[in-house]
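Below is one structure, written out as structure tokens; the observations come after it.
Every chain is named by a letter (A, B, C and D) in the order it is written, and numbering of its residues begins at 1.
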């Protein structure tokens, strides 16, 4: 069902950056980084680590499984792991078994036992999600920046273009279209900042988060593991501290809110009766081919509307029981991914809407003049300048 | 990402019943039923309708597209429609174009123009979702009934098995395990009733919901259309009245709440320190092979926790603008499907948990006796009898 | 803070029907009904019951406390109980102590020990909330009916008044204003039905829900208790089965969704650029005295927007642990009350908006004619007739 | 209803800091600061400003109204403003009228016209809410810090106290109670940081956010206004940019999640069957006087559970239409206040729970030994040291 409406809800590159294939890759990268970190710290010999790292590849696993089923694809591997996930509650248990087999069959039976050494499923799942988060955020931030840039351009261009201020959905006193766009820009910039500054952390703690199997080298293992993955190393494992997830959820929700506001204004201004803006490429209709719907802004709203519910799910799932939650942890996986995709899609749609926005300044002015012969937009233009200045 | 953890979040048959393939099939069924209804009412001649109905098949569409791309699969068709959905905001616009081409190429160019006659995209999307709802609800209801039946069996068997009542997570006075199970049963039955009674309605209104193109035959077309799809015929189009979606969302949310409660009790009773129940097949761990986690109850909780946020999304999206919403309508699609899948998965997991539940009645009794030499569970057994009696 | 904006968020009589004073009264009624039921069933002698019933009054309790503090008011009593509620987690523990004192001081020390006999705090809290629900629903249903009636009148009057159908916020093909109003009516009626049919249940179970202290008379006590309170008698205690709360929450959420849709349409149609409707009494502005804001519809939206989040809170709080939840139960209290108030306020505002709605049929027609010389609204008028007919 | 359970849901000083009286005071402070700022910038003469500032006091307004109603109290004033708020949609319109009258009656009729000069209702409402936010956050931050400090003390004291690690609610491998407490501390600290760093901003923009009435002095007026209120001065008005509200909501939601986690662990560890911790002052029961419920942790959970729904309401209400939203703005008021109160109450309860927590280290150890003779908690103690070190 997602696929059939992917064009609406998965615009832009985020969906692919967090899809099953990417997630599987991230889990394998985490296992490889662990082997590497154990070799970095002398807990596993370099050869064994190298064998494990070689095996940590979807292609290698598929190649190995083809011995039994020559037609097997990565998609089949994913489906298989997904089905097995039902037995233990997560996909790592089976993945580790597969990796051990792969390492053993590649002639390193002693190395097989060192796969996943000292780690627990949550270490791999949490770390892999943070890898996806890192990649997704880079993409989301870029589209939020693009949308803000487009708003900035409009603000600059229309700093003094008078338009009716509308409060409580009634025409009020004049403002400028530039100041309206500056408001979009300010909000998009404010929403982007925490996402750009977000530092995804590696997770490594072992069965109960005590790093029990690494002895004195525990801090070094964590450090090396994080470094190899280009993630931040946490002071202590955060398996029971879900503030990193909750904060990210909140920030994504705020981004969707900022996007929604700008998209809503576009939709309202594009009404035939207002007709002060239109989108460059309007969406069609199966019943009315002549219509030109502001489909980019509409789709931005549709994607963004998913966010508040998903944020509430993630916040409500922060209360993990003891050292690993019996349900709340699992719930994070889909909600977080859906939230990343929705935010990315919404940002990409809004950017497209604003980058192609057509502005009818004459009509804006005419409405104001009909309302108020004076049409003085106060300090609006100066405020636009201030906002643009502060942005630099 | 859903695929990689499908074993956790998509247990049971619901996910397949509402997947992209099913949805595409449902949309084609809706278009076929429309053609049939137009022929039933004499608005389209029988031959033309027959040609359209023949074309309304994913296989036919794929076969046709293979003229251009011999390797094309249904999956590719879905991906293609999904990508095109971004242009108009929904997948129907392109689907109708494809259908028209298919009908034309099958030698009925005059019939091609009759495809989708008088309908709008929302008619097809809403109707197809109701077809998925109908199928999904049958499956969900069956698993809810199965779970309730398992709870009833436990209630009957343990009607007088004393167990510590626990309030505010502290041991209180005795009750019976049967009464606890009867509480699960009562809630599951109460949650099932509205889902079993839910009547999915066909949607047909045309561009603005006025049934403009069918003249006097409008009511008959709607009736025939609904009948052909085994859906209820609405008095008037409900394109702007989303109470059918909101009510369903609420009822699914209640079902998840009832499931969560029973699953939580199982998880709590299965704690090593309590150890009054265990699941037949415990889940494994990547770090601690000896552990036996109540994985069915845990997974039921994980699936059910998605519900409150999804319900809030659907309720918040009931305020559609005018005759078709600019975003809120679209948001329903994924949220409704995710909610159906989550409820189905949660129900299936709980059923598995309860059907295989192992009960340690001796340990239950011992705890009570340690607490209270008297161990009188009051009218608990009688209440169980009443609950079972009322169920029949 | 609620008080300072009560005019916006607490319109209509619901807020008072569920306020602290009403809640305290309902708890006292529940205690009185319990004493009465115990006397009905011979478990407590009639005199003792009569003494208890006399004491179950806020005025009596206040009078008694005035011995120590002559200026004490019912508000002070509430504040005192509220402060003490922090010690046990609910206000019943202290209330019962107060009642016992009052009964003892009224010369019936032996009756004092019979206050609250066999009951637990949850029995009184749940029952009292259901008394508030019963009263609040009657009021909400009346305003929903009033709003639907106003919509019906508009539908009848404007069954053939052409207006531009607007889809995705763009003018589409013509419909009639009557059909738009009929859509509001249909949704309001559909949302009202489950609220009107809702059967609030009494709660009585004792410490662990086993009705342990009433012996064989347990079912009769419950029956008498419920009868005295004009509530339904449950088959078994529902202290751990929160489907009654969840279902109600869902239905209230749907009502708010239906209200929001109509209110949103009014706000959109009242935009200066559309100007097809206006409210009889527009709201003022502190900065622009000339403005006429559709304040009733705006306030309906403001109240209704609280609902989705509150519903999600109530659904997420259905998973009560064991025989009484350690937090989730408590969370219901405020969320349920806020949801009742919000729905009542939204319904009352929408009713006011629709009852006073001014319709500019000429302007509606002019817009359509500018769009489409034909202006054929299809079967819209007939659909209005059908909807009105089905309503009877 | 809030009052009757205030002991549960309004523990600590936050409720009073954001109540109606505080809100009214903050609105009056905003009006006074505006008059002062206009005098600072020479737009209003000092005398007139002084008269306005004198009138900006609830006591002055009440004194004035007593001419008509000698018994009038501040509570009555609030109720009156609240009722009138229904006419314009907010309480400022009437408040300004009252202020003007008060200034005029104090012998400064020319100053009366300068009250609220150039401002709009939203300026006063937004600014006053930010004043409440500032005060509430200071209190919330203090209790979060107190709770974290209590967790730190436990972590230090029990850095090496072995306890069973519990994953998926089953005993796993050993950890230390100190590391568990360090996890609480880390999360509480992480959640506190953004709240402590939050910079509430003044709002001033006038009717459409253009600062139209201050000419060239606009930036100086804003600066002076903010300075007088000890709030940050925004670059441009944020009346349509709700990221300040959304970010705050997210951060409060995260705090509630962190609180919930620690409280849940306390509740779980306090179960009779586990009995590894207990609260200093257990809560009582109306039916079972012997019980000792961990009422502080329970109440923390009850308060915190309100948060996810409220956050979703605030995020979903970020999409304000044009220059002032027709409903979404209003919805912020109650949701934000409820969220502040809930977070404050939850923080205060958790602090009380942790500060008085009784730890049974022998029992913790005994459980571990029964599970695993070795009882090696790995690097747990070192991790505690690292966490405590990083905190300084």
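The definition used in the following text is that contacts are C-beta pairs under 8 Å (C-beta built on N, C-alpha and C of every residue); 3 or more make two chains touch, one makes a residue touch a chain.
Because the structure is a prediction, the values reported are computed rather than measured.
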Equivalent of B-C within the choices A-B, A-D or A-C, defined by over half of its residue contact pairs recurring: A-D
Selected interface, C-D versus A-D, where C-beta contact pairs are more numerous: A-D
Centre distance in Å when subunit B and subunit D are each reduced to the mean of their C-alpha atoms: 39
Distance between chain centroids, defined by C-alpha means - subunit C, subunit D (Å): 27
Subunit D, residues touching no fewer than two other chains: 89, 120, 166-169, 172-173, 206-207, 263, 267-268, 283, 285, 287-288, 293-295, 298, 301, 305, 308-309, 311-313, 316, 326
Chain contact graph, described as a line, ring, star, complete graph or other shape: complete
Residues of subunit C defined as touching subunit D within the complex: 1-9, 11, 18-20, 23-24, 75, 78-79, 81-93, 96, 116, 119-121, 124, 206-207, 263, 267, 283-288, 293-295, 297-302, 305-306, 308-313, 316-317, 326-328, 330-331, 333-335, 337-338
In the complex with subunit C, residue positions of subunit A that touch it: 166-173, 267-268, 270-274, 283, 285, 287-288, 291-295, 298, 308-309, 312, 316, 367, 371
Partner subunit B, residues of subunit C touching it in the complex: 89, 120, 165-169, 172-176, 179-180, 182-183, 186-187, 190-191, 194, 206-215, 218-219, 235-238, 240-244, 246-247, 249-251, 253-254, 256-258, 260-261, 263-265, 268, 301, 304-305, 307-309, 311-313, 315-316, 318-326, 376-380, 382-384, 386-387, 390
